[in-house]
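In the two complexes below, subunit A is the common chain; its partner is subunit B in one and subunit C in the other.
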Partner chain A sequence: MSSDPNHNLEFTKLKKSPGFWKEAWGQFRQRKLAMTALLFVFILGLIAFFSPAIVGTKPVIAKYKGHIYFPAMGYFSPRWEAVFTKDKFRKRYPKALAEKDPESWAVWPLNFNDPTRRVEADEWPGRPENPQAGGPSPLNFFGTDTRGVDVFAQMVHGTRTALLVGFVSMGIAAALGITLGALAGFFGGWVDMVISRIIEVVMCIPTLVLILALIAVLESPNIWQMMAVIGITGWTGIARLTRAEFLKLKQMEYVAAAHVLGVPSLRIMYKYLLPNALAPVLVPITFGIAAAILIESGLSYLGFGAPPPNPSWGKLLRLGQSNYQNWWLILFPGLSIFVTVLAYNLIGEGLQEATDPRLREGGSRE
Partner chain B sequence: MLTYIVRRIAIGAFTLLLITFLIYGLIRSMPGTPLTVDMAELDPSKQMTPERLEELAAAYGLDKPWPEAYLLWVGNVMKGDLGRSFSRKKPVAEMIGERIGPTLLLSVPSLMLTFFLSIPIGIYSAARNGKNDERVVSTGLYMLYSFPSFVAALFFQLYLAVEYEIFPLFGMVSDHYETLSTFEKVKDLAWHAFLPVTVYTYGSLAYYSRFVRANLQEVLRQDYIRTARSKGLGPIKVLWHHAFRNTLIPLVTLLGLTLPSLLSGSVIIEQIFTWPGMGRQFFLSILERDYPTVMGLTLMFAVLTLGAQLLADVLYAVVDPRIRLDSQS
Partner chain C sequence: MRIRVQSSLILLAFSLVVVFSGCPSKPDYPGGNGSKTGSDEGPDTLLEPFDVPLLKDLEAKVEWEDRPVYDIMEKVREQQAAEKPLATVAEALKLKNTSDVANDKILSALGRLPESDADVNDDAEINRLLPADVKSTNPVLASSTYETWINGLTGFGLFSFDDKMEPFAPSDVVVSWQTSKDKLYDKVVMRDDLVWSDGKPITAHDVAFSFQLIMNPKVPIPAVRTGMETILWIEAYDDHTLIYFHRDPLATNVWNLNFPVIPKHIYEESVNDDPTLADSDYHLKYEENPVCGGPYKFVKRLKGREIVLQRREDWFMHDGKKVRHKPNFKTVRFRVIEDSNTALLALKSGQIEEMEFQPEQWIDQTTGDDFYKLNTKARGEQWVYYYFGWNMETPYFKDVRVRQAMSYCVDYDHLLNTLCYGLYPQSSSEYHKDSWAGPKTPRTPYKQDLEKAEELLEEAGWVDNDGDGVREKEINGKKVKFEFSVMCSNQQLRIDICTSLKESLDRIGIVCNVQPTEFTVMQERAREGKFQAQFAGWGTGADPFSTENLWGTGQERNYVNYSNKEVDDLFAKAKFELERDKRAEYYRKIDDILWEAQPYTWLYYRSAFYGFNKNLRGYSFSPRGPYSYSPGFDAIYTEQ
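After this line comes the complex of A and B, so read on.
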């Protein structure tokens, strides 16, 4: 028997069943709606990432005085435009490029419009200036706001804000919630007592009020501080769920066996308990991303959103409510918030069905 | 049972102290005081002199460090005094009393509608699970559930109030409300409340019907349902008498947990419809740095939330005799 190691290897390979995550993914893949939603979020990610190349007034690639530059990246960080700021371009590229270096060439974004300011007449040779509060037209696909800033450009660049807020704030909330919930569930006793009180305190304060108070304390917070605030107010549900999972799992025989073998507590928590507790926690995290996007747009609507250079869908809604005749300021951002929230909810639903064996096909049919 | 409740109330009182302490510290750390924020809205020529400001701050007790002021506040609350609002020059309790009515006017009809509609819808979709009509209903509900309520509020305003002028854009009563007869007053209120109530209801309607359906499906998988069926009972009898009764337990818990939201209102929805309720008051009080009002509202919400949790747990034990509260630790 031992003389034939290959045979042994084959034997063990046959025995190995697909892991939990692989099986869950297999289940998830069969759900058309959930997969469509996942694809949609992926496309949103692409739009967010390539937003400066889709719509903007800065060239994506430009050759200027013998060097290649990427001025469109200036929408992410002004460092990318340093050369042009020094040469007094004043963010008006098309003419300045031709005047200051006739040899230059540039690749432009698909649509010439800016998310933060009004495009002036002849800024792009032959292009009229943006109308103020103009309806949808070939020049401005989704119309313009009262200042003449293109709505389509704000929506495309606002995708970045929406996705970032969803992922970063829920990342913070998940990290906090899982850590505290795990500690409370695993150690019990006074640790549990203290953490449970903290959870109760945060849960008893209306979320929006807590967020508004924290934002007021920070005084015009930047977008990262905003995300942190949304994150540290939204972790309680995750913590409670993780705590319950840990309470249940630590009673299992394999955990007792690990204790007997002398595995340190931290290792038991991370290697033995966490992987098993993660699946049920993943579902509220997905729903939480949708909630975070809603909170951000709600805050922007109330006038407490990210500071001015960051375009956001909620800000457009705020502009829309003071000018009802400009229906495009409400319709387009409202629909995109809806579709994004729907997509995250569908993904969450799909995850729930894929990771919970009780809800799987076969189990659910009588 | 009694010892359990006493213990919970003791813990709850401690939690309340923590919450109010935290919020008091937070709002006192916000830049500006009620005096300076108020001043900024007036024209600059009417600015108060620093001496006058100090004088006023001393009169309102704003010159003390906040932990001291907090203790003072707790002492007053113990005596049943919530303080006076800075910006409205009225006792906080009276102000909260004025705001409760409008908020209840939205939340009570909304909650009743939700329950009366979601239970039949939930039972219906559990009974017709997998059929085409059930899929249409469920998909529709799911879309509604994901439709953000404040976006819906804005859409309603845009199309039903501005475009077609069927409903008023905002406010709770018409300008000529005082001149109306009692019947017309009720009609006017209902007319103004229609859009906010719809916005409040549709989302929770979808949520509750899905909740009822999920619980019912879970119950329908049990052995005793199969027994009832094989005994020859009709589908309606099985569904209503055997299955639905057992889904009441989680429903009761959920009902308990929604009680605080009856009074809390929604900041954004009330803001959109300029509805003079609790949520909007909370928002304005934070903007005005009206410490006593913010504290009064926080206290009320916290008491309600804690009370509702306790109520849900107790109700749970009442409807489900298997649960014993005393043995839980």
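After this line comes the complex of A and C, so read on.
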């Protein structure tokens, strides 16, 4: 008798069912397109992060007069190059390094080209000057633009802008949207009333026009302000979804139980409701990232993008428009914008299918 | 035929033109921002009370000197007869414009006037490009170059100037023009066979009335009023005799004589009811269908699409007799196409017959047979210079050494040969070397020399001591980093030029932020002095006196806040000097002082690049492009 219950216990010990997110990830993983897209965005992230090491004219690491330096970081701040500026390198490293310190050594980026200027003749020993508006060649993989600046270098460094715009603006939008949507859904009543009206008002603001107005007013517009505007106007869809999810979830028994146990409202919102409400919200965020990238490209194309000389895909397209005979100015950036936006959309779609059981039959579960 | 550049003359004389390389020019007129523009209160005129003397009293005391009155077409024809064409028309039409020699041949062969009027196909229509629509058809309200193109054909004026910027009165409208020996009076006798397009005669009273109207502060005149304050009064003694009374005896008075003339019988009453000339139904009617005094009149106007002008029979025929040259085209159609790529496609397909090119269009997009099938192209040097202006109120550019360092820093080779495709000559003076006030021996222009730039900066105290890679200087106990913005209009070439400056400055430890700015915002900031550096351009005036506006202490367009007592004095002396040689000496001295001080880094002259349909003949270039002088467009024709 005494061994029976033990036996029974072992028998009835159920395999722990996978959690919601684990289940969703399992679903998502089986979608080949979505996974490829995710991999693509991941690689893009790596390219953006390591852009100065992939293509540039500044050594990634250099030993100079007994010290180690990272001049490639000069693409972010002149401080990293201060020593060299002082020693009159004048941003032309290969020869100056050898001349001023024969002991020096340097690790160079994979491709010697600059995203903001033309590479001069013999700047790298034996290398000719970049051609002006030259087609793709072994020295300039994607050709050069009308200034003689390498297109590949601009594309690689432009990846930073593209990804940053997507993530930062949608980060802002998500933070705003989820917070406000949660408040509205959870508290209901006049809070809901006020927030819903705010949502409606914000929805009426055309992002592009607001950005154009902002650019006209600001003394020195930069890309961060643009991201902020896209974020501040783009949160409404997210807020609405979050609100709806909260309205639904707060009726659940476990929430009632939590109330009865005296769990504070904030904790209920963030610990009990939010994780369950998040899944449908992730989808518009992903699509939002794609939209933000398009907006940035569009603005750059119109000439209102990141301040020069920061390279961006949209700017290259703009150059291509007035120099349409240089097809490489249109093809490569156009393709990157297309593929990146497509990738985000595929990820969004995959997420949607993975998190919504009703869509699963349509998925590829086999 | 006569030149009808009357209003552009005014623009040219008094306002230097900020030129867009995209849209050939969107001038900026000081008249628009002065305190003199329309307000509802105050007097009806800006003129001081004037005691008009009797004509016979005046004639008794004044000694007159004749001034040139002639037919410019005849003069040009005579000039051309003396030159042998470098090529025949057939040869020129086969040429591709790839060299100076080819360009000279094309202009020489195709730029010739017809041997006689019989060679002109006077039933022809011409389709011209209008890169932006006009705001108003009323010539006194004109404010852009494009408006002056139209008003040049439809409007009426008494004076003009030729390709050497020499003023004259066209014999088409004027019988005689005299100036008093003391330069205080001008006397003009008009022809009596001139009529408005509604059939009423054009008289001296129209001229005097137009002057009064322009000087009425209630009328919002955007541009043409500027400079006219030097005229005390204009009196019409009879229907044809006019006397201009000047405030001071200046050699430059002649440039203030010209202004657009509008019909007195149309506007005399209505201007009191509606001083805007644009709002009332009555004025709207005449805005749509204006009464014209020039060789052409409006027949159709579709906003944002096209403007069609038609030749006026009563312009060249009077009482059944031919009294003037017959204008070369029966119809002039202006097509509004704002995007220059679209315009180029229209030119290639023959929808328009002339347009101005961007440098990259000249180099890359107009070299193939698709272009040469219907068109040919030509270029000419223009006196429109571009510069970096350094705001001397800022802590950076107060010091002359810093400004010189900036000039040494610019990568002229990259800028001129790559960005501008080697099409533009470098400029090294305020006055063009070919103008009478230009330097006697051309100066050696600046070359990039970073070594020297660094030396000058260090002398001026800008050194990187704190190891952040950027130079700084202690000013009044505060550390100031050498980081500034350069403002330019939102156009690729301009942004590229500023970016090239940024790259060069970056090499010697100076941070420069490029700030592409919308054109009107840029104008506003420039006027308010809210900028550190800017890239912009000025078109030439007909006479160097207009540059006082740029360099005199506290002057309207002295955006960089340049101030030098000696320069001010020289301008004042040059103003009251009547002899050209002496004036030239003063202006040369000013030029030398400016060159030493480098308040601007003078960069290049923007040449004019135009495509013309192969049917067109008679075009030639002046320092102000192919149209804004005399004969300009009037000389263009198609062969029979």
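The working rule: the second predicted complex is superposed on the first by the 341 of 366 C-alpha atoms of A that agree within 3 Å, B and C clash if a C-alpha of one lies under 4 Å from a C-alpha of the other, contacts with A are read in each partner's own complex, and residues count from 1 in each chain.
The rule we apply is simple: a residue touches a chain if its C-beta (ideal position, glycine included) is under 8 Å from a C-beta of that chain, and two chains touch if they have at least 3 such contacts.
No experiment lies behind these values; they were computed from the predicted model shown.
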* To do: Would you check which partner chain A:I205 touches, where first means subunit B only, second means subunit C only, and both and neither mean what they say?
  => first
* Asked: Where does A:Y301 make contact in the superposed view: on subunit B (first), on subunit C (second), on both, or on neither?
  -> first
* Regarding the shared-chain residue A:D122, is it in contact with subunit B (first), subunit C (second), both, or neither? -> neither
* Touch check for A:W80: first (subunit B), second (subunit C), both, or neither? -> second
* Asked: If you stack the two complexes on chain A, which partner ends up touching A:A216: first (subunit B), second (subunit C), both, or neither?
  -> both
* Identify the partner contact of A:L342: answer first if only subunit B is touched, second if only subunit C is, both if each is, neither if none is. => first
* Touching A:E99 in the superposition: subunit B (first), subunit C (second), both, neither? -> neither
* To do: Scan A:Y324 for contacts with subunit B and subunit C and give back first, second, both or neither.
  => both
* Would you mind listing the overlap between the subunit B footprint and the subunit C footprint on subunit A? => 216, 219, 321, 324-325
* Residues of subunit A defined as touching subunit C within the complex -> 74, 77-83, 85-86, 88, 90-92, 116-118, 132-133, 146-148, 215-216, 219-220, 303-304, 307-309, 318-319, 321-325
* Using the touch definition up top, name the residues of subunit B that touch subunit A in the complex. => 11, 14-15, 18-19, 22-23, 26-27, 29-31, 130, 142-143, 145-148, 150-151, 154-155, 157-158, 162-163, 169, 217, 220-221, 264, 267-268, 271-272, 282-283, 286, 298, 301-302, 305-306
* Asked: Tell me, which parts of subunit A touch subunit B in their complex?
  -> 197, 200-201, 203-206, 208-210, 212-214, 216-217, 219, 290, 294, 297-298, 301-302, 317, 320-321, 324-325, 327, 330-331, 334, 337-338, 341-342, 345, 364-366
* Taking the complex as given, what residues does subunit C use to touch subunit A? -> 340-341, 358, 360, 364-365, 414, 418-419, 450, 454, 464, 467-470, 485, 490-492, 495-496, 498-500, 502-503, 506-509, 511, 513-516, 518, 521, 530
